[in-house]
Amino acid sequence: MLKQFNEARAFLAAFAAPRRLPEPGALELSASLYVEAWRRLKQNRIACVSLIFLVLMALACFTGEYFLQSKWDEINFVLEATPPSFEHWFGIDDLGRDLLARVLYGGKISLSVGLISTTVSMLIGISYGAIAGYFGGWTDRLMMRFVDFLYSLPYYFIIVLIMVFFSVSSIYLLFIILALFQWLGMARLVRGQILSLKERDFVLALRSCGASHTRIIFQHLIPNTLGLVAVYATLTVPSVMMQEAFLSFIGIPFQVIGSDGIQKPVASWGTLISEGSRVFETGPWLLAFPSLFFCLTLLAINFLGDGLRDALDPNMKV
Amino acid sequence: MKTPGIHCLIGPILLLCFASQSMALAKLKTFRMANTREIESLDPALADGNDANIIVRGLFEGLVSLDPKTLQPIPEIARSWTISKDGLIYTFQLDARAKWSDGEPVQADDFVFAWQRNLRPETGAFYSHHLKTVVGAKAEGNHTLVVTLGAPTPYFIELLSFPVFYPLPHLAIKKFGLRWTEPQNLVSNGPFRLREWKLKEKMTLERNELYRDPGQVKLDRVEIHPIEDPKTAWNMYQAGQVDWIRSVPPALRPRLKNHPEFHSSPVMNTVYLRLNTQGHALRDRRVRRALSMALDRKTLTERVMREGQLPAFGFIAKGIPGYPWRPLIEENIPRARNLLAEAGFPNGRNFPNMTLLYPSNPQSEKMALAISTMLKRALNINVSPSGRERGVFYDKLGHLRYDVARSDWTTEFNDPKSYLDKFTADNASNNLTGYADAEYQRRLEMASRIQEPSQRFSAFARAEQQLVVDDAVIIPLYFNVSSSLWKSHVRGLVDNPRLFYSLKSLSLGQDFRSL
Amino acid sequence: MTFLVYAFKRLLLALPMLWLVLTVSFFLVRAAPGSPLDRDSELPAALKKSLAQQYGLDRPLLEQYVSFVKHAAVGDFGNSYIYRNRSVSAIIQEAFPISARLGILAMLFALSVGLTLGVISAFRQNTWIDHFIMASVVLGKSVPPMVLAPLFVAVFSVSLGLLPVAGWESGTWQYVIGPVLCLGLYDIAAIARLLRGSVLDVMRQKYIVTARAKGLGEFRIIVIHILREALMPLVTYLAPALSSILVGTVIVEQVFNIPGLGRYLISGAINRDYTLVLGIATLASALVIGMNLLADMILGLLDPRIRLQA
């Protein structure tokens, strides 16, 4: 139901299977290789512009509310939505709320959803995948079947049940819900990498020296997969943001404490777009601004991800 | 490995270029309408809601129908009827021309069969409770039906227009069971018969050649497109893909007001808030009254909902002939604040945080946000708008796990009883407020027994006063309006408060262009 | 022979998996609050009770589960709780071909455009053409469907009047174009990038250089080597992509009013139409499992080493 975002799937297709590994050495990114990668990233003009754009966007979204007079949820009973004006740069919506404040606030939520859910999913996915890959055999098979199993469950009901179980529909729950479904891909990716890494000589050497499994996994194997994980994360962020938009589109609402201390439905880029698309004949600006912000951010993240991939391994242009 | 040829790539491109299917339709008078959703069933007993009723009334026919203009009963299969002096025995003379589409005659037996079937629990008919007004039905010969009621029911003839009272083809139902409504099995007696039904895509009705009064039917075909998204419906209407849409995107509503093809009418649907009278602050009727008084319904309808809704100062919508309709609720913020202070919450101090529960959808969300803001500003209390997924919403409502909840009610028949019976103590599934007041119950029972119409109505009016003002169990917000658009070549469509539409009376004018 | 044994083993493993998914789905669906008897027009209590009886919802859950599994094993999911005269299988039989047709066409569209762009990009590596192609496919997938689909309708159908606004009309081509383009656009970027990478990989390998040196035509090099190289990741990619696109996509189906499975799944879930949801969920997980199986088979055929690993 929640569609795995396609680019992420393509990436998985290329790297999750242990069978299609790049040349030995390409993955063992030592500290100096990360420095090298950073240098290459800096040379990539599109990626750099994207990075700067993202930083500025995040700054605007997270600090915007301190500079704006209008609050994102402050309702004024007006006769109709009005287009951008000097007073309200992005116009106001049909409940008299300032769209600029809403877009910035929505960005804060959407970016947080993207970042937090991705981070949580990375933590779960990396540990799970690394353990499965490292121990291999039955452990691996069982753990991976479990991932397949989770893939096939009807998500809608899981989400509803989680929300009922915690008896809230707070936005914080959304972070967790999205992370819960997003780690599956990460686990597959890391497992595939670990499966091949553990056959390398240095792992055998460590083992013969009596290093513990935990140490081998967390100190030696996982750091070697971080390059790919970083790339995959940049693909996960847009995916998570789109899923958040989708959930609000099909009527699974999330709430947040508003500026007046009252819990209310959250505004995110996704919900703003859904709202905007319902009124876009009468208020095109209500769709245009959130869409523009959302698309540009996705674009920047995608470009950054591409740049990161090229930088981490110029030979692996997948 | 075999070499994959380059045609592997070209093939798909060619596949995309499908040959166009010819759209050659004969010059039929086809009326294309949009429904707001796919209907659950064509079985008159299982059909529910306007979307279903429009179609079912096209396919089937009962004893009487309503005149879309006046909403007064008009005879259909019943050519005439007599009512005994005590108002308990109705004798109907049936039209001998009535036939089923398989050629069998429609007889008095078919009604008796249908009513018995629809009363059986395993049928699961939605409106079977209306059948319970009838205690006996007997066919005297083929064309006379004698019906006995348990108590005098002034609106009984109107009730008969409900599809649950329609006759049913017992042969077909016995033969096909649940599958009798499938296109190849369906036998009907109305002006149209079912030609094709592709679920969620399109239903096609065609003229029933065996209809008892074929001269009345002006359309050859009716196409019904179920379109859930009002924006899609509006787009299809603009592009000329449908002739009639009954839902307009709310945002477009103000702009469409002057559109020549736009039609709107108040409907008998009241949107209101249920209050949980068991809740600890809401147990106090002063608090409930304060909430109701603190709202600004005019602002809500004109500056929030903006679809032409009318502010509701009572529960019962205008439109019941003879009912002493008047605004009951007084909006008065200072008084509301006083009431709240009397109840122990001066300036909202110590007032518990409450939630306003609503099923998550855009219109309800707007309403809830506005109400929350009004209550905060007027009474300084926190009522947080809390949208829930549909199933969760009904679960919470059903178990009384809410403080304030959005509800709406469409009257089933044009009588105050249909509104006020909801909140009696014994009507457990519909009440859902925890309200059980003996006085209210007594008032309603008394009112129901009165025969003289104006006395009867004023007794009901007193009960309404108790429900919405004295006890403030519910907070009426606004009366909904219908919004629809139909093309200028469509003749015979009439807007009415009950959304009672009849396909039989439609025709297409000269400016109709055949496909 | 070993391949057949391998295939058979995988198939045997798939069945208990399907059963497990179904079991958990059954209890998940039933644990959700609300019931198919919740209707917007509120029903009297007595009626609700008799309806519950008719549906068998009043029996112990375990008993309902056993009867569900028994029937599901032979592909019978009973009648829909909402469309009461229709069996779930009949609904799926009507809706699945529609979603499948749309999904396959969208995938073919994405494949044909994606492959072409990917190859062009690789052969013009690091030129402005390459950059332009790669940037535009990324742009294409950065527009979320809830913006893209309504915008497409507004421009091509409402303003320009080139295509019908919405509808399906048994899949007449004018009605298919819009949804196919909107659905396919997202996969183009992934496919193009995948192929570009594969082509670059192959071009660096020694045997291609040799083949070039031997004077084989460029065209034959593309066909034989590059496509063969790109096939494996492509198959791994397409299998899950297809299984999710086949069961329909809610937003596009809703905007274009297409009677596909995606809308049934969502409306079924919202209305708690237990039988319908479980029927579609079964189909969906069977597809996921089946497609993965198929992909592994194809990969097994392409590369015998994989069989040994598994």
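Labels for the chains are A, B and C, by order of writing; each one numbers its residues from 1.
In this section, a contact is a pair of C-beta atoms (placed from the backbone, for glycine too) under 8 Å apart; a residue touches a chain by one contact, two chains touch by 3 or more.
Because the structure is predicted, anything quoted here is derived from the model rather than measured.
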Average the C-alpha coordinates of each chain, average all protein C-alpha coordinates together, and give the chain whose average is closest to the overall one.
C
Pair with more cross-chain C-beta pairs in contact, given A-B and B-C
B-C
Any idea how many Å lie between the Cα centroids of chain A and chain C?
22
What whole-number Å value describes the gap between the mean CA coordinates of chain A and chain B?
44
Give, as an integer number of Å, the spacing between the C-alpha centres of chain C and chain B.
37
What residues in chain A touch two or more of the other chains?
160, 164, 251, 277
Going by the touch rule set out above, which residues of chain B reach two or more other chains?
231, 389-392
Per-residue multi-chain contacts in chain C, two or more chains:
32-33, 150, 270
Touching residues on chain B, where the partner in the complex is chain C
1, 3-6, 9, 12-13, 15-21, 23, 38, 40-43, 46, 48-49, 121-122, 124, 126, 128-129, 178-182, 198-202, 225, 227-229, 231-232, 235-236, 238-239, 241, 389-396, 398, 409-410, 422, 427-430, 432
As the complex stands, chain C meets chain B at residues 32-35, 38-48, 50-51, 53-54, 79, 82-86, 91, 94-95, 105, 108-109, 111-112, 115-116, 150, 153, 157-158, 161, 164-170, 172-174, 176, 180, 223-224, 227-228, 231, 254-259, 263-264, 267, 270-272, 302
Give every residue of chain B touching chain A within the complex, in rising order.
231, 249-252, 254-255, 299, 302-304, 306, 355, 360-362, 365-366, 369-370, 372-373, 376, 382-392
Which part of chain A faces chain B closely enough to touch in the complex?
75, 77-80, 94-95, 160, 163-164, 169, 251-253, 255, 260-265, 275, 277-279, 281-283
Quick one: in the complex, what on chain C touches chain A?
17, 20-21, 24-25, 28-29, 31-33, 134-135, 138-139, 141-144, 146-147, 150, 154, 186-187, 189-191, 193-194, 196-198, 200-201, 204, 232-234, 236-237, 240-241, 244, 249-251, 265-266, 269-270, 277, 281, 284-285, 288-289, 292, 299, 303, 305-306, 309
